[in-house]
Amino acid sequence: MKICRVEKPLVATNRIPGLEHKYMQVVRDGSTLAVAVDPVGAKPGDWVICVGSSAAREAAGSKEYPSDLTIVGIIDHWEEEQA
Amino acid sequence: MKICRVEKPLVATNRIPGLEHKYMQVVRDGSTLAVAVDPVGAKPGDWVICVGSSAAREAAGSKEYPSDLTIVGIIDHWEEEQA
Amino acid sequence: MKICRVEKPLVATNRIPGLEHKYMQVVRDGSTLAVAVDPVGAKPGDWVICVGSSAAREAAGSKEYPSDLTIVGIIDHWEEEQA
Amino acid sequence: MKICRVEKPLVATNRIPGLEHKYMQVVRDGSTLAVAVDPVGAKPGDWVICVGSSAAREAAGSKEYPSDLTIVGIIDHWEEEQA
Amino acid sequence: MKICRVEKPLVATNRIPGLEHKYMQVVRDGSTLAVAVDPVGAKPGDWVICVGSSAAREAAGSKEYPSDLTIVGIIDHWEEEQA
């Protein structure tokens, strides 16, 4: 799993039906931005654990859900310089 | 998921039957070009969300479809310098 | 999917039975060489679309086939400087 | 599989239920930090083998478990300069 | 699939049961070291084809086996400067 920081929510009105209305966040993984499905309710600035691969699907709610990056937990204590 | 920008359609007449006639787009992910299946009808210049891994398959229509990158949504507002 | 250029066929006599006798090509992905299963009959110099992840398996013929990179199409028109 | 070094345990109280209470470790893969599920009881400083992809799930206990990186073994002898 | 060179066997006595007693090799992929399950009996110095993703599992013997990198063949002729 990756250690990422939440930047802000992402809005995409025109989307495939399979994404449903789940919440998506822009997250920063080092110098790269990515989009993660957020079932835990993270806030901008939170350090989070993101899971990828096929595990991102069940983590987002079902094994059919089309996610390749899902927030699975908010880290209790993390300092920016560690990442 | 990755944040990519659509460059242009891609034509590949000689292809495996499993690809069917689905629309494919050349997308830019930072400095890298990739090819994504496009079920949402994106246009060149659009900023899109692309899903990879096994999730790209169901996002393209079925769990047997041979895609590893599929456009799942068009981002409503995105500035180039953010990516 | 990645945009790669076919370099040459690859011969590996000592191989696991699961690979069967399918044709394998050395392909160039930017500055990196990789090996792809080739069900479309590409020639050295061809620009091709390669699919990875679990999709590479069905693209190579069956969902049990042990490929993680399979050529799924030959691009009709592509200029080297685009890649 | 990757060769990583264990840094320290990671605490994330707010997490998805699917993660259960399994132990998670921060591991270093070269210059990158990642989070791995630890079913073997590694200690900080141990050199470990980490498996990714869908194999990380069964390695963590079941094919539904949402892990994309799991420690599968502690290496008997490894020198830091080798990694 | 990746083109790697075998470095040496890897010993990890404390391992999850799912790894069984299969042989593991340290392989070099460019400047990176990784660990691959070896069902073909490669020797140090051999240039080999390594498969990743979910295909690494069946290549290692069964679809439950927790490998994300498995040697699937020994390349007949390969010059170091090609990689």
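As written, the chains take the letters A, B, C, D and E, and residue 1 is the first residue of each chain.
The rule is simple: a contact is a pair of C-beta atoms (placed from the backbone, for glycine too) under 8 Å apart; a residue touches a chain by one contact, two chains touch by 3 or more.
Because the structure is predicted, anything quoted here is derived from the model rather than measured.
Chain geometry summary: the mean Cα position of chain B and that of chain C are 19 Å apart. Mean C-alpha positions place chain A and chain E at a centre distance of 31 Å. Looking at chain D, one finds that residues 52-54, 56 touch two or more other chains. Chain contacts here close into one cycle, and each chain has exactly two touching partners.
Round the ring, from chain A by way of chain B, the chains line up as A, B, C, E, D. Contact residues on chain A toward chain D in their complex (touch as defined above): 1-3, 30, 39-40, 49, 51-56, 58-59, 63, 70, 72-77, 82-83.
In the complex of the two chains, the chain A residues touching chain B come out as 10-16, 18-19, 24, 26, 32-36, 52-54, 56-57, 64-69.
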